[in-house]
Every structure is written in structure tokens, then in C-alpha cells.
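First comes the structure, then the notes that go with it.
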Amino acid sequence: MSINAVVWNENVHETHNKIVGDLYPKGIHGAIAGALNAAGGISATTATLQDDEHGLPAERLAKTDVLLWWGHAAHGDVEDAVVERVAEAVWAGMGLIVLHSGHFSKIFKRLMGTPCNLTWREAGERERLWVTSRNHPITAGLPDHFELENEEMYGEPFGIPEPLETVFISWFQGGEVFRSGATWRRGAGNVFYFRPGHETYPTYFDANVQQVLANAVRWAHNPAARITDVTDAPNIPVERACEPITARGAKLHTDGEDGFR
Amino acid sequence: MSINAVVWNENVHETHNKIVGDLYPKGIHGAIAGALNAAGGISATTATLQDDEHGLPAERLAKTDVLLWWGHAAHGDVEDAVVERVAEAVWAGMGLIVLHSGHFSKIFKRLMGTPCNLTWREAGERERLWVTSRNHPITAGLPDHFELENEEMYGEPFGIPEPLETVFISWFQGGEVFRSGATWRRGAGNVFYFRPGHETYPTYFDANVQQVLANAVRWAHNPAARITDVTDAPNIPVERACEPITARGAKLHTDGEDGFR
Amino acid sequence: MSINAVVWNENVHETHNKIVGDLYPKGIHGAIAGALNAAGGISATTATLQDDEHGLPAERLAKTDVLLWWGHAAHGDVEDAVVERVAEAVWAGMGLIVLHSGHFSKIFKRLMGTPCNLTWREAGERERLWVTSRNHPITAGLPDHFELENEEMYGEPFGIPEPLETVFISWFQGGEVFRSGATWRRGAGNVFYFRPGHETYPTYFDANVQQVLANAVRWAHNPAARITDVTDAPNIPVERACEPITARGAKLHTDGEDGFR
Amino acid sequence: MSINAVVWNENVHETHNKIVGDLYPKGIHGAIAGALNAAGGISATTATLQDDEHGLPAERLAKTDVLLWWGHAAHGDVEDAVVERVAEAVWAGMGLIVLHSGHFSKIFKRLMGTPCNLTWREAGERERLWVTSRNHPITAGLPDHFELENEEMYGEPFGIPEPLETVFISWFQGGEVFRSGATWRRGAGNVFYFRPGHETYPTYFDANVQQVLANAVRWAHNPAARITDVTDAPNIPVERACEPITARGAKLHTDGEDGFR
């Protein structure tokens, strides 16, 4: 049974900028979905900012194993309710892969709890990604390093929480470095950030990049049934305690009432 | 030079519930500030929900080394703008200690990026806290374990990101366990969550609890000057690159313009 | 294709102690291998201290996807050469699951770099394991907590490095807690420690324990080809540098020579 | 009261190689100790391989707050008993700072539990270290990045366990990257690895490097009293259990006897 991946893209540059439109005639989302569908074992569809509910209604998220997210110019246009819905889906077990300028997306900042800022330069310089965690599932089939001849530079310090694992670190021609591949777990959801992917370069047609994305989808997929009560804080009454106890002392709450939130 | 600590409390139960009011006549904030001031090397003041800007205007936060946060019934009444201001202060280097029911505070959920939920029971049962990180600064002067005869139970699973370090784990009489002391770093700010402190019990008068809080203030204090541009994402133009490079390829941005956010 | 698991046991108590021998007539290794073989997708065999090379010659380790390790009375009898061979296999990608009193095995201490000590009591008391990482692969099919009516107690502080993820925490009837399930990565190898399993109790016949072990084998399995040069530190000569550089300054080494170790 | 630092050096190249001898007339250990003593609040002495017990008898380690370690050509000549003694001191609370080629020292490999290997090139190329954890204590007083015009290259993948925190990442002129500053905790001891310091370059006279080392000594210092029973695994008899319990079930051990190791 294949993994259901949804590639979300704001889809703005493709329709407003001729360079990007010519480079990605099916959109960045279309290019990525095409690569994932060709990788085997993954069934990828797309969603964009312009779709109703940004293409991410609750019933679709419920069936999405892994969501990929590309945004840049229109982070502010993403509705907060959809961001919260995606966050809850991640906590409940949906995988999330945040791409490139998605570092400043509402959903990434929401899940990290940090500014997610960095330094940057758009100069088409050479980027070389080094694997820092040998034989990590996300590096399957990759050499120890690979190059992208033209990329935007992102530089440290990168305003993220310490990753669970650092998988790639990039070298840039202009002298910077960057933690280009990093993982976190948020609730039952696996989160991966992958740096490359500036819209004016053909990054998403690169074979190594496509390999990383397919690997990451497989890694992020949590096959467990989605958690349904993901933000609940259940009261465990005295009579249902694992060990027999007797209530003592002063109480603020009456039995069985909901806690404050 | 002493560490400036501010003890924030929603101060609701103290004024609305006779049990709590009698137990903490100066408020939970007053009890904690008193203990910190007696500990040596710490200068503690208080702030409450009812104060103007909740007692946390920008100029006060700028001088606060470590903020302690107690809330329960009124999490929803804390203004989002103040929450965001506190988050930025943490990223810039202010320490934050979140207490007990503060697990559901806006600021803790904001910095964790997770639901921060748990199970609970108000039965005045025995809690025993075990040190899991020997000689961690937060455990200075403490035995390997200590007890609170009456406490509210909080049980796992606790909906937090994997901590940087787990410092305390609690045993409860009714059969549950809980990661009662855990650390994270968010930007330049040290964050510590400490579980005990239900408002109907004299927890904040316990000598071991007071020791933990004083230790935690010292641990959370980052003496470095506060970061001023904590969410900035500066452009590094080609001519200021560390290594000489020439711009190549298609560009979306004109030189020196701000990036999208 | 099934996962090749090898269950290693020192196999001492089974042959020297009537209680243990009667409880585990096929040995602890036999009981565990039986459970794994019944779980589906796993092909489990056994090895013991008494076998030639402790049953772990290089060619067998090369084909072992995941090794499980139970030892207690005879840690000191395990040959250092075999320990080092197992360590290299782990770094190269073999999974390792260390069981109960294996906390003091040479291989666990070797991979952790810490004392791996704890407190203990053999009183047949109740243990309750709580899941702390919801829907972690190692918890598949398990409830939020499960009990073992009779177990040895292990208590914190547990002398381990901070885990990558804490998956289970135990509550003990006598008042202690313990991080009973924890993960690390060492090189390309996934390592899991699982606490229960005292030899005088029927722990390895418990359905939940068997579920954890099967889950852990699947989680620890790294399908990537084993790394062959796992301790090499290759010299990258100037003429093979990714970027053109010219050697400068004083040199200690001549070109292409091996580094010091 | 100042922090007692001991700078350990194998002191081989200085006496066998004219370039190194001329560059470091007081030895690398002398240069580092000099810088630490000039930094304020640190009292640094030195020890070398050639000293009796390598200059690290038990009574000296007991009074050492932080040990710095430089080795390269003679890792194999360090006695195992001294390595184990140092490991125990770290677990008990002594800080340890491992420098440059010390990545292959017995003590670093012992504490990491991994191969600690890397790629390398001695070409006097430019290294630029980027701070990845803003305002971390180890970065106090440093700019966001600094350069060493001539250094040996160390490249990823670096065979270490995932660090607690990654503090520096290096960019190399020849195209590689490296996690040049990383922290771990082992028992009560803080461990920091710092990459630069090839013996044929004047790295330890660089002001930024000296600042890092002084910062690291202050960060690694654990002021708590040294743990005395750091590898003990105490039995807690039934009658001393925190909660009243009665022993049940079959027993392997008689009361109060030592556990197996």
C-alpha cells in the first residue's frame, strides 16, 4: 500500500514570474509530485494556496500520510485555522517536510517555537550538501556529498531548536555553512526540514534532491492510526487510579470536571 | 550583581478561592519571590495578569534575566501580544521557568510547538521526585529524591518535544509517572519546566521545591547581552560575501531588498 | 524478506538455577526467539556465551540485522574481541537491543560511554510501564501503559547519556521510577534499551513485552547496506579536493600517508 | 575562587619536529595554559604523556575542575588505566575539552562510544567557524563567525553521537564542512570537542580560539562536589523501600548481596 503524500505550494512565483513559470511549468508542486510518484511506493497529489481551504480540508489531511510544504512570498496569506489544523495533524501522526523558504512558513514556526531565521543571498552560487548521519534513512542511495551548481545561500545561525538529528550540512561557495537537513518529532509526527529549492533554479529536477525527498517521505510516514484526542488532557478520577488511593486534602475541582486550559 | 527574576502569576485562585487565598496570602507569586529573595544572588519581583500589560511591558522584560510563570484558570485571558513579546525575550536570551499548570499556558505551548497535554487527578496524593541527571546545576544541594505528601497528579504521556535534558521524573501514589523537570533551549533562552505546585497545597513553601526554583533561576540566567535582531533574516549581498563570488543565474530579488516573511 | 534477528544470552542462570531453568526450559534466548518468530516478518535465531566465539563470528554478525542481548552473571566472561566486533557491527548499521541486566554488559557500556549504573531491588514488586512517546514505532499496538505484576526494581538515576528518545518510563510499587525504554543512534546503528526481564519471573512470556521486542526489532533494523570502512579516517589529497586549492604552510604529513590513530 | 584547569598534551611533535618546536617553544600545552591563565578566573597548569602516570594521578584529577586534551601521534601510548581514571573523573563531574586530533584519543572514543572518525587534509587551507547556537556560553564575546587562514581540514561525516548542542560548524576552502564545536554530558561531566589546532599552524595563539577555550573551561566547570560512588549500583532492600512493600516471588539474590557486574 503506497504512502499518501500531498505536496503543498503557495504557487505564486510560478504564475507571477516568467523565469519561475518557464522553469516549473507544472509548478514546483507539480515537479515534486511527479518525482515522488516516479520513486515507487508513494502516491503524491498537490494542493495550493488558491484552492478552497488551501486544498487542505480536514478530511484530506486525515488521509494524508506526509505533507510537503513550499512557500515564500505568501506566508502571510495562509489562514491561521489551516495552520492549526495542519499542526494538529502532525501531532496526531502526519509527517511534515518543510522545503527551503518554508523555513518562514507559519506552520514551521508554529511547530518549532523559534524564529527560524537565517542569513541569505541570491547569487546562484555553488552549494554542496554533506551527509552528517551515515546511512540515515533519509540518505538512502546518496553519496557522502552532492552538489547543486546554482542555489540561493542560507547561512547560520539558523534559528531552530536543536534538531533530533542533523542529517545534512551545506557548504556554500561564498563562505557560509547551513544545517540543510534536520529532523524533529512533534507529538507522533516526524518533521524534516530540507534546505535546497530556490524557485529560480532547477533544483527540484536534480536526481539527488528527488532522492532525498522520496527518502524523507518514507522516513516521515508514521503507519500508526492517527491519534484522535491529540490535545486532550483527561482527568483520571480517584476511583479509576491504577493503584488504590483515597482523595486527601483541599480540592479546587469537583469530580470529573474538565481542567482549565 | 544579582540575577533579576520576575515571578508572574495570574493571581486568580488566590482572590477567588478561600483555600488558596488562606494558603498563599501574598499569592503564589509572593511566596515564590520571597523564597528566591532569600536564596541569595537573586533579586525577585512579581507581576500579575491584572497589572497593566500583565506587568510585562517591553522595558521590564528587557531587564528581566529570568521569568517564572504560573497560570491555570486564566490562560485564555493573557493577551497574545504579551505572549509574543515574552517569546521574543526568550529567544533573545531571557530565561523562562514554567510552573505546574503553566504547561497549558500560551507561552509554553508557543515555545514548545506541541500540545503540552497530560493526564491529571486532584487527590492530594504523594509525589516523589527522582533526580535523573546527577549533579545537574538544577539539582544542586538536593538529595537523590524528595517527596511532596500532597500534590495533584500529572501523568504521561506529556505532550512535549523531547527535552534537551530530563532532570526530574515523578512517581505518584496512584500509579503514574511524569517528566517533572525538563530543559530546552529556544534561541538564546534557557527554558525549564517544573511540575509541582498545585494551588491548594503548600508546595511552594517546601524547602526542596524552593531549592529547585533558585537553582533553576541561576541555571536559566544567560549573562550575555540580549540579542537585538532576534527575528531578522539579513541579506548578505554578493559584494559582502566572505569569499569572492560573482552572481550567476536568474534572480527574483533586487539587491539589498528584504526577503519575504 | 524477513529481518534476521539473533538473540544472544549468556545462558548461565538457566543451567545453574532451578527456578530459572524451570521457568525458561528453552532459555531466555529460546523464549524471546520464539516470540519474535511468531510475530511475523522476523526470522530469529539464538547464540550463547558457551558457543564458539560466543556464537557471534564475523560472518554471522555480517548477516544479522538486529542483535538482542541478555546477560547478568557472566558479563566479565564475554571476550573483549567479540565486544569490539559487535560494536563495529552496530556502527556499520546492525541494530542492537539491550535487555534488562544487560545494562551492565560490556557492549552497552562500550556504546554508551557511561557507567550505566542504577539502583535495584529483587522483591517481585509491581512495575507499570508508561508510554512517553505516543505512536513511536516501538509502541505499536500497545496501550498507554501496561503492568508486570512481579519484577525486579531498577531505579533512577540511570547512568546513561541523554537518550535520543525516551519511549517508556516505569513506575515501581516500592516508590522508584526508571527510564525503561530509551533509544540512541551509534554510527548507522539503532540502539534500544528495554528494562524488564528479570530471570526469575515470566516476563518474556508477557504479550506486551513480546510486542515491544518485535516492534523494537523492526524499528532497529537499518535496511541500508552495511558500512564497510566504519572506522576509517581517509585522507583527501589536495588534488582531489572538491574545490581547487593549493597546499600552503608547514606540513607534518607526506602526501597520501595514513593519519595517526 | 578560580577554576582549576589542567592542559594535557602528548608533547611529541614539539620535541620531534622542528616546525612545531619553533612554533610552540613552550609546547601546545604551554601556549594554551598561558592563554587560560591570562583570561581571568582560571588557574591552568599542564601535564604531559612523559610525566609519571602521564601527569594525571588520582589526587590531581580529584582537584581538576576541567581537563583539556591534545594528542595526535601517541594516542596508543596512553595507558588504559589512566584513560579509565579520566573517564571516571568526568562521570563524577570533571569537565573535559578535547582538542583537534584528540578526536582519536582513547578518552574521547571511550566517552563517545563511537569511532570518532572523519576525513582530513593537511593543506593549510582557510577555515571559517560559524556560530550555530547564538549566545551559547561557549561563544561569549565572539562574532558570528571567525577565520583561521591556515588550518588542517577535517570533513564530515564525523563519527560522533548526536551532540547535546552543536555550537560551531566549520567551512573549509577545499569544499568540506565539519561540526567543529559540540557538547555532550557524560554522567555529571560536561564534554566539549573543539576542532581547530593543527600543530604546524599558530592556531592556539589566535585570539578567537583562545576566547573559545576560556569560555569552554568556564562552561565545562561543574561546581558541585565530585560524585564519589560514580559506578556503584546500590541494592535498596525491601525494608528500606520508600513505599512499604512485601517481597514476593522467586529470588536469585540473598538480601544485601552485591549485584553481578
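So that you can tell them apart, the chains are marked A, B, C and D in the order they are listed, and the count of residues begins at 1 in each.
The definition used in the following text is that a contact is a pair of C-beta atoms (placed from the backbone, for glycine too) under 8 Å apart; a residue touches a chain by one contact, two chains touch by 3 or more.
Please read these numbers as outputs of a predicted model, since none were measured by experiment.
So which chains are sitting against chain A and chain B at once?
Correct list: C, D.
Check B-D against A-D and say which one is joined by more contacting C-beta pairs.
Top pair by contacting C-beta pairs is A-D.
Between chain C and chain D, what is the gap in Å from one C-alpha centre to the other?
The separation of the two C-alpha centroids amounts to 27 Å.
Approximately how many whole Å separate the CA-defined centres of chain A and chain D?
36
What whole-Å value do you get for the distance between chain B and chain D if each is reduced to the mean of its CA atoms?
The mean C-alpha positions of chain B and chain D differ by 31 Å.
Give the residues of chain B that touch two or more other chains, as numbers and ranges in rising order.
Only 128, 133-134, 155, 159, 162, 164-165, 175-176, 185, 187, 242 qualify.
If you connect every pair of chains that touch, what shape comes out? Choose line, ring, star, complete or other.
Its topology is that of a complete graph.
Where on chain D is chain B touching in the complex?
Those residues of chain D that touch chain B are 93, 128, 133-137, 140, 145, 147, 164-165, 185, 187-188, 222-224, 227, 242.
Applying the document's contact rule, which stretches of chain A touch chain D when the two form their complex?
For this pair, the touching residues of chain A are 128, 130-134, 144, 155-159, 162, 164-166, 169-172, 175-177, 179.
Sort out for me which residues of chain C touch chain D in the complex.
13, 17, 19-20, 23, 72-76, 87, 91, 101, 104, 110-115, 117-125, 150, 153, 155, 159, 161-162, 164, 173-176, 184-187, 198-201, 230-238, 241-243, 245-253, 259-261
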